[in-house]
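Residue numbering begins at 1 within each chain, and the chains themselves are lettered A, B, C and D in the order written.
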Amino acid sequence: MSVTEEEPQGTIVERPIRLDYDYTAGTAQSRFLKGIAQGKILGEKCPVCGKVYVGSRGSCPTDGVATGGEIEVPSKGTLTTFCVVNVQFAGQSVEVPYASGYILCDGADIPLMGLVQEVPIEEVRMGLRVEAVWADELGPTLNSIKYWKPTGEPDADYETYRHHL
Amino acid sequence: MPERVAITGVGQTKYDTARPDHSIAGLCREAAIRALEDAGVTWNDIDAVVIGKAPDMFEGVVMPELYLADALGATGKPMMRVHTAGSVGGSTALVAAGLVKTGIHKRVLTVAFEKQSESNAMWALSMRIPFQPALVAGAGGYFAPHIRSYIRRSNAPDHIGILVAVKDRKNALKNPYAHLHLEDISYEKVAESMMIWDPLRYLESCPSSDGACAMVLSSEDAVTGDRAPAWFAGSAMRSEATQFAGRDQVNPQAGKDCAKEVYRQAGITDPRREIDVAEIYVPFSWYEPMWMENLAFAPEGEGWKMTDEGATAMDGDMPINPSGGVLSSNPIGASGMIRYAEAAMQIREQAGEHQIDGVRTAMGHAYGGGAQFYSMCILTKEKP
Amino acid sequence: MSATRDIAVVATAQSPAIRKDERRNEVEILMPVVHDLREKAGLTQEDIGFTVSGSCDYLQGQAFAFVTALDAIGPWPPIDESHVEMDGAWALYEAWTRLQYGDIDTALVYSFGKSSPGDIRRILTLQLDPYYLVPLWPDTIAMAALQARALLDSDGVTERDLAEVVARSRKNAKDNPNAQLKGDVDVEALLKEPEYLSPLRKHDCPPITDGAAAVILAAGDRAREVTDRPAWIRGIDHRIEPHSLGVRDLTDSPSTRKAAEEAGVGNGKVDIAELHAPFSHQEIILKRALGLGDDVNVNPSGGALASNAVMAAGLLRIIECADRIMSGQANRAVAHATSGPALQQNLVAVLEGDN
Amino acid sequence: MEYTYTRSVGPVIERFFAGLGEHRMQGIKGSDGKVIVPPVEYDPFTGETLTEFVDVGDAGTVTTWAWVTDPRPGQPLDKPFAWALVKLDGADTGMLHAVDAGDQSKMSTGMRVRVRWTDDNVPDMGSIACFEPEAG
């Protein structure tokens, strides 16, 4: 609070608001999450531009048409860019510091967000090759991918992912 | 033939972490009354009211135009509520301007606000439905990776972000409405502040503010007030999808297209030379150089040089955010309208200590979402 | 109003009204509607000058819920686009305004609402004064019931009149393939139903609906290129009233009356009217405020009592009018949309075919 | 989704809430001189800032009502009750609250009701439990 003592401190009331929702993932996302529950990353192809979307919400955002035709992409790819989070935010269970970034799976045209671990934080870099580390118990949620770890392969050439930044 | 639209009144609240002295309506009123007074009009002179704010979850009031109708003197009048994410302050002003431009109304009051102290923005923004990942740590966590991409692409030196943060906070010391008045701001202070979202430091990020901004927009035959108005010479909105294959997240096409369109309308061919001052939506330091390129003030990859050379300082050739910008005050829903209002204040020579001399053309800019929504205007002293 | 450019609805599309779409998310509900729409108009997204939508984050329970909806449109190259956190009817108003600038000739308006994921009655409580009202958690039906009682107390309106509105809605909805509640119901049987939130019975209240709707507007000659018989928007206006029920005359709708005057409802014979009356008694209040006689066919689609996709229901009234004008069934129609507790805010549009 | 919002109320609502804590009902004079209860910061019809507080009674007349058989979470009563607009003595507008009438047959437009106060002295709406029929 930056309010100083001279300033008026008006009456403050508390208003708890609770709302319950029954969310619908949608058909495309349900297909994707079903794959995740089986330890598979499923992409969907846009019938117009041919781009492969992972975690599609059901449409190709540039063509506005339904994506379809499941394509399994490897749970391995390139860290295109990232940030290192050094502050513990409320509701965040991961220990700081951690690297959070975009992982472009091989063969996919859109990255997934994920954590990068099993590597010293100062060695996390753009172009790092990473693979998914799956949770012991898989379920229809992205938390099934615990994090991504380096594969040990040489870094991806900047040219291979610069158009995904 | 569309009508010319003038900004004849501007009002802002004092921005702060919390404004415990006001209800939500009271906060909006503080700005609205100032705008009416500046324009020399009363509630009776207003034909319609257009309000804007970011997600309703910030205050937990659904479609608050309903509750705010009385406070904004809207009874018996048309009232609208715009929501285009962070660009909303700008889009709200443009929707309001449209009502005048088309001749539907003579004088419209437009108000944008956010009372972030009612909740926690980090909570509202990071809220995810169950099957979506909860990795993003607030807006900084979203934008920091794209900043890293920019640095990689442009080979910009690390200190550029710090320069922006220091400059905007120093400017804010000249703006009585600004939220952050960091008297002891310095390069070292920013450099040593916590690296929250590496490559983004704490002091390179915007605060969370309560506040409202309001403007009175008038048609040519309804201009009032003691002070000459600022005229809209160009205005545009552009959107693209949040995430799509091949999306340029550093230099988004929608931003480039939007700028091109406002320049075309205003007859601007060399923005850096022809625009005297710009209020640009920079919530994180590095977005200044990024937008310099997006808005064609600098060639691609060279925006950081403008910051580095001091061109964007108040005494530079292209002053950016003399008000202190979003880095110094961020009532999210209002932040875009504040950019427009500050641009108008520069034209109308009412910016006080942060006034730039001889402003004839000014730009207002807002962006929102994952940098996929844009709203921009060019304001001029001369009637377009 | 001095806006002079002739603007028409030239194509419309809507999803079927569904109680609960458990399979599809908002994008997936909206996408086929938009495809159908553009196909009917023979236009691609690149032919559209301006795109605008109306929706409510809280229905979806997520901030920026409207953002992903854009994925259904395919906004590439980047589009001139805006969004109102209001019913789609107000999005259409913004589009109509935008077309008056004169630099573009077409606009796409869409709206979507899934009322099923959350408790819609509770969500809409959050529209109310956050200091005095929300702590008591009065819900939308309660607010409407207070209005209904005021109307029943005031003059000749009876519970039978309310039941007749419901019976006609259900009957009319039989001809509407998209409607949710339809069929022949007997007024006497309706009156025997128990009270739900007295004086309202369950059938006096709208169903819970998931759905989406969209229209294309076009100006002048462009409108005639798209369709032989555009539904011209001859007037459109909207007004708001004070928020608190306690300071209003609940038996009247002065904002509707004012909007109707501005839109020119009285300037000619009205063939049909589609009124956004989620509660039966509101149709009676609106009909009076709009000055509609008994010769006007009110809510031939069944109206909001038959299907009520919140945020799209107002836009749907314009669509239902436009459809009947474009098909030649009607020549002059009045569409109405509402927002807020007990008809706080109202929009009125007059649509006409070429004579 | 669950969150507790912290609302600053501003001077008018603050004063009304403070009065409730002392079991005192107040209204505010509108631009046309009519007394609005609960007091609003701005005139609903002219938008003028209102400042003139007026004490009103804690009893009044029901102008309209609706009977709730199934109370919902958070509502003032957890047994069947009536929502009502109550025009308090000395006021010109209706105030929305619950009436604990026991049975729908006890409710009628024009009936007299009185505030049932609580001992809750937190400056908020909580000081009013509900209204109850005056004679009963």
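Criterion: a residue touches a chain if its C-beta (ideal position, glycine included) is under 8 Å from a C-beta of that chain, and two chains touch if they have at least 3 such contacts.
Keep in mind that this is a model prediction, so the values were computed, not measured.
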{"item": "Chains touching both chain B and chain C", "value": "A, D"}
{"item": "Greatest separation from chain B - chain, by CA centre", "value": "D"}
{"item": "Comparison of A-B and C-D by number of C-beta pairs in contact, larger one", "value": "A-B"}
{"item": "Separation of mean Cα positions, chain B and chain A [Å, integer]", "value": "29"}
{"item": "CA centroid of chain C to CA centroid of chain D, Å", "value": "32"}
{"item": "Centroid distance [mean C-alpha coordinates] between chain D and chain A, Å", "value": "49"}
{"item": "Distance from the mean Cα position of chain D to that of chain B, given in whole angstrom", "value": "40"}
{"item": "Touching two or more other chains - residues of chain D", "value": "1, 3, 5-11, 13, 40, 44-45, 73, 124"}
{"item": "Contacts with two or more other chains, residues of chain C listed in rising order", "value": "58, 61, 68, 70-71, 74-76, 122-123, 126, 130-131, 135, 242-244"}
{"item": "For chain B, residues contacting two or more additional chains", "value": "18, 20-24, 59-60, 70, 74-76, 120, 123, 127, 129, 241-242, 244"}
{"item": "Residues on chain A engaged by chain C in the complex (per definition of touch)", "value": "13, 15, 17, 19-30, 57-66"}
{"item": "Residue numbers on chain C that touch chain D, as the complex places them", "value": "61, 121-122, 130-133, 135-139, 142, 145-150, 153, 195-200, 242-247, 250"}
{"item": "Interface residues, chain D side, partner chain C - complex", "value": "1, 5, 7, 9, 13, 36-38, 40, 44-45, 63-69, 72-76, 83-85, 87, 93-98, 104, 109, 124-126"}
{"item": "Touch list for chain A against partner chain B, complex", "value": "1-3, 7-10, 12, 15, 17, 21, 23, 25, 29, 33, 46, 49, 51-53, 60-62, 80-87, 89-92, 97, 100-102, 109-110, 113-115, 126, 140-143, 158, 162-165"}
{"item": "Of chain D, residues touching chain A in the complex", "value": "1-11, 13-14, 17-18, 73, 123-124"}
